[in-house]
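What follows is a group of structures, each given as structure tokens.
You will see two complexes here that share chain A, one where it goes with chain B and one where it goes with chain C.
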Partner chain A sequence: MKAVWAIACSMLKELIRKKDFYVLVIFMLVLLGFLSYQNFFQIEGVSRYIRDFGYSLLMLFSFIIAVTFTARQLPSEIEARTIYPLLAKPLSRHTVILGKFCGGAMVSIIAFTIFYVIFAGFYMAGGEGKSLILLGQGFIFGILFLCMVSALVMFFSNFMTTSANITLTFLIYIAVGGFSDFLGRMVISSKGIITALYGVLYYLLPHLEFFDMRVRITHAWDPLPAWVVLSLVGYTFIYCFALLYFAGCIFKRKRF
Partner chain B sequence: MKNKHILVILVCLTIASLIAVRIDVYNQAYAAGQSVSDAPIFMRFLGEGKSIVSGLSILQADRYFHGGVGHFSDEHEEGFAIAERDHKACEHPEDHVLPEASPFNILFRVSRQMDVTEHVHLHGDQMKEIIPWLYYAAEIDSRNVQAYVLTGYYLCDRLGKVDQAITFLREGLRKNPDSWEINAELGRIYFQHVKNHEAAVQYLSKAQILIQESPHDKFQERSVLSLLAMSYENLGQGSEALPLYKRLNELFPNGIYEEKIKNFSS
Partner chain C sequence: MQQQAIIAKNLYYTYETGKNKVEALKGVDLSVNNGEIFGFIGPNGAGKTTTIKLLLGILIPEKGELALFGRAPSNTETRRTIGYMPEIADYYRYLTPVELLTMYGNIFGIEKKLLHERINKLLKLVGLGEVSNRLMRTFSKGMMQKVSFAQALINDPDLLILDEPTSGLDPVARKKMREVIQDLKATGKTIFFSSHELSEVELVSDRIAILNKGRLLAVGSAKDLLGGKAEGQSLESYFLNMIGERI
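And then the complex of A and B:
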């Protein structure tokens, strides 16, 4: 555990050193500040579009940070040959993968928390239908989403270059958001081999769309029942565990 | 040697100035043939794509109207009238429900819980939430007449901002002088909300002329003609209203305009 923590902490230092994060924070502050000062025909209290933009921005920025930080870890270590001293230490390959995953997830969760605090400030500042439960659920789902993304990127980084990994993760994110509903319908409505095909795709693809609370938070819908939140915590844990386990197995077979 | 350099610089500057004047004249002539664009520079980068973005902004307004859920295609594919929409959705709720899955399939159950599918409409003061999207739709593409008309309607009829609606529609009319829709909307607002029948006649007459030059259906023509006829009636100009009622009777020969025609004919 100490080794995992040490690897994760080295990634946190990278977040502090990099300027990307600060640029994103300033951009978010400026954009949300600008939107909240917009005056539409002297109508007061227009808030939903600010929530909408705010939530979308924070999820996108956190996703970008999670993907870019995690995707760089293994390939850059291998390229710079700094992986050798790491592997020379009494660490299992699974521990290295777990440490890198924890680092990526921790970095993106810290960035996400800062983005979320800014968003929560604007959320609480005005508009109707404010709900602390929804806000809390949004925060939990954001963390689960980033864990899932970090695990996915860590898995791909075993056999892909950084740029290919980033591109593929973005494509999966877009495809899952756009087609998982269609896939779900096809699993239920189609028959025979096609069902199996759609079923494999539906159950194998990471359901990143489950963590999207944008519509609920923006339009003040009811919070989700506790069993759904718990199910998603379980789903994320199982999915991340499986991805990291296979990532560790692939990494174990690698010869440097 | 030094003088030579100054001479070269002067010659270059003179040639550049002459070329710049020619380019400016060309630009002015080109711009004169184009519609006036007050859009900010980043909007101009969108080029013709701005009409797509503007359309998406209107769709987003429709989503907001339904509490963030897209019901646009359900409501418009069969051409339901606004008042009928809720009724129709309630009549066939099975069309809006996904097929059944196994109760043990936790992923499907979670997915169903996550999706917001309830059919709701914004009401009262909540209506203001769609205004930013309509405003941006008009800002992004000043030729999007629908954006101006919808904004005018919601501002005036739902939010009680009559003056702002008129100002915004006039701005739309300045950018789209040949739009019968904006003229008709301005006429309607002057007739229904301001009770300024002279102004209503001015805009509705323009709309009546313009609607003949563009594709339209008889319901759209009725909306213009009936308001124009009533405006003339309120101004005591029955003779002007008579041909309009006759035309309405031609469009909808169901007898409801016959009494009016009889009154004004006598």
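And then the complex of A and C:
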């Protein structure tokens, strides 16, 4: 575990020393601050709008950080040839993958936490329907979402360039939101081999939409029951484990 | 009988580049004694780096046997005893040399206090003591090479594998590097290094191996290799003759 932590920590320093993250923080502060300023004029429903916009923004920014940071890890190690001294160290290739994943997830979770604190400040200062439980669930789901994204990107980075990886992950993010309902309905309504095909596709896809709390937080719906939260923790763990295991197997077969 | 740090028997390795196959190594036999400096020379594409990758367990030989201190190179425990300096590596530019060495030291699981002492010692040894906390994005190629050499020594290895260690270094730094290599030998380390600088190889190596087109052409001390040749012949002319004879 010390090796995993060592690899992951070096990525954290990258986050701190690169300007991308600070630009996103300032951008988010400015946008949410501007929207809150509109609240002085008592425009109806603006607090709900701030929640909706603020939540979408923080998820998007955290997603961007998770994808861009994780996607460039393996390709840049290969390009800079630092992969050789790294692989010459006493660690397995699965450990390298796990370290890079933990680094990507940790970096995006730290960025997400900062974004979330800003969002929570605006949320608590806003109008009606505040729920700390809901806010807490949103935070947990955000972390799970970023773990899923980092694992997915890590898996793809075995056989894709950084830009192709980023593009594909963005496409999956958009497609999953739009098509998973459709796929789910097709699994129920179709018959025979088609059901099986839809079923395989449905269960293979990373259901990132499961972690979206935007509507629930915006409209101050009731918090989700504990079993749903626990099920999603289990789902994330299994999905990430499977992706990283296969990513490690592919990485192990790679010749450098 | 002297224990051997490296034993390679009948090593074969083939690269696949699209539809083409390139035989990088064709039956290489090699043995490196404990505590010696072993120079590995050959023209570009001879198979030197492939051999090094096999020694590090990064590649697996297609055929043949390979053992480092009697164990497989891919074994994690074997790698604990090895230090490796690549020919070129553009180390993480957002880290300082101290942070880089700390990361590698932690991968080896070195205790914090010992690691701190060793990092200070190594950075002074390679002449980077004064810039130890400066980001490496400001470093020249030569400074990166020094960082690379320091990271290879972070685990106090028994076997040091150096791929073109003096590339990018100025004459003063080259001389210093040679001295450090000699000092390491004096402490009982085994050093296996590849280089294009034949005069350098001649100066520091106990034994030299010449590789060309995936085949080992000659192994021996500079004196042995040049012994049968005309008086005053240099390793360079011997090397050129050797690869010329076989081309």
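Just so we're on the same page, the second predicted complex is superposed on the first by the 248 of 256 C-alpha atoms of A that agree within 3 Å, B and C clash if a C-alpha of one lies under 4 Å from a C-alpha of the other, contacts with A are read in each partner's own complex, and residues count from 1 in each chain.
Here is the rule we use: a contact is a pair of C-beta atoms (placed from the backbone, for glycine too) under 8 Å apart; a residue touches a chain by one contact, two chains touch by 3 or more.
Quantities reported herein were computed from a predicted structural model and do not represent experimental measurements.
Student: For A:Y203, is the partner it touches chain B (first), chain C (second), both, or none of the two (neither)?
Tutor: A:Y203: touches chain B, not chain C.
Student: After lining up the shared chain so the two structures overlap, which partner does A:T169 touch, if you call chain B first and chain C second: first, second, both or neither?
Tutor: neither
Student: Could you say whether A:Y235 touches chain B, chain C, both of them, or neither, answering first, second, both or neither?
Tutor: First partner only.
Student: In the superposed arrangement, does A:S157 touch chain B (first), chain C (second), both or neither?
Tutor: In the superposition, A:S157 touches no partner, neither chain B nor chain C.
Student: Using the superposition on chain A described above, determine whether A:H219 touches chain B (first), chain C (second), both, or neither.
Tutor: A:H219: touches chain B, not chain C.
Student: With the two structures laid over each other on chain A, which partner does A:Q137 touch: chain B (first), chain C (second), both, or neither?
Tutor: Neither partner.
Student: Have a look at where A:T68 lands relative to chain B and chain C in the superposition and call it first, second, both or neither.
Tutor: Neither partner.
Student: Of all residues in chain C, which touch chain A in the complex?
Tutor: It comes out as residues 15, 53, 56-59, 76-77, 79-80, 82, 84-86, 88-92, 94-95, 99-100, 102-104, 106-109, 135, 148, 151-152, 161.
Student: In the complex, go through chain A and note every residue touching chain C.
Tutor: 2-3, 5-7, 9-10, 13-14, 17-18, 80-82, 84-85, 87-92, 255-256
Student: Write out the stretch or stretches of chain B touching chain A in their complex.
Tutor: 64, 67-69, 98-101, 106-111, 113-116, 125-126, 128-129, 131-133, 135, 155, 159, 161, 164, 168
Student: What residues of chain A sit close enough to touch chain B in their complex?
Tutor: Per the touch definition, chain A meets chain B at residues 38, 40-43, 45-49, 128, 180-181, 184-185, 187-189, 202-203, 207, 209-210, 212, 214-216, 218-219, 221, 224-225, 228, 231-232, 235.
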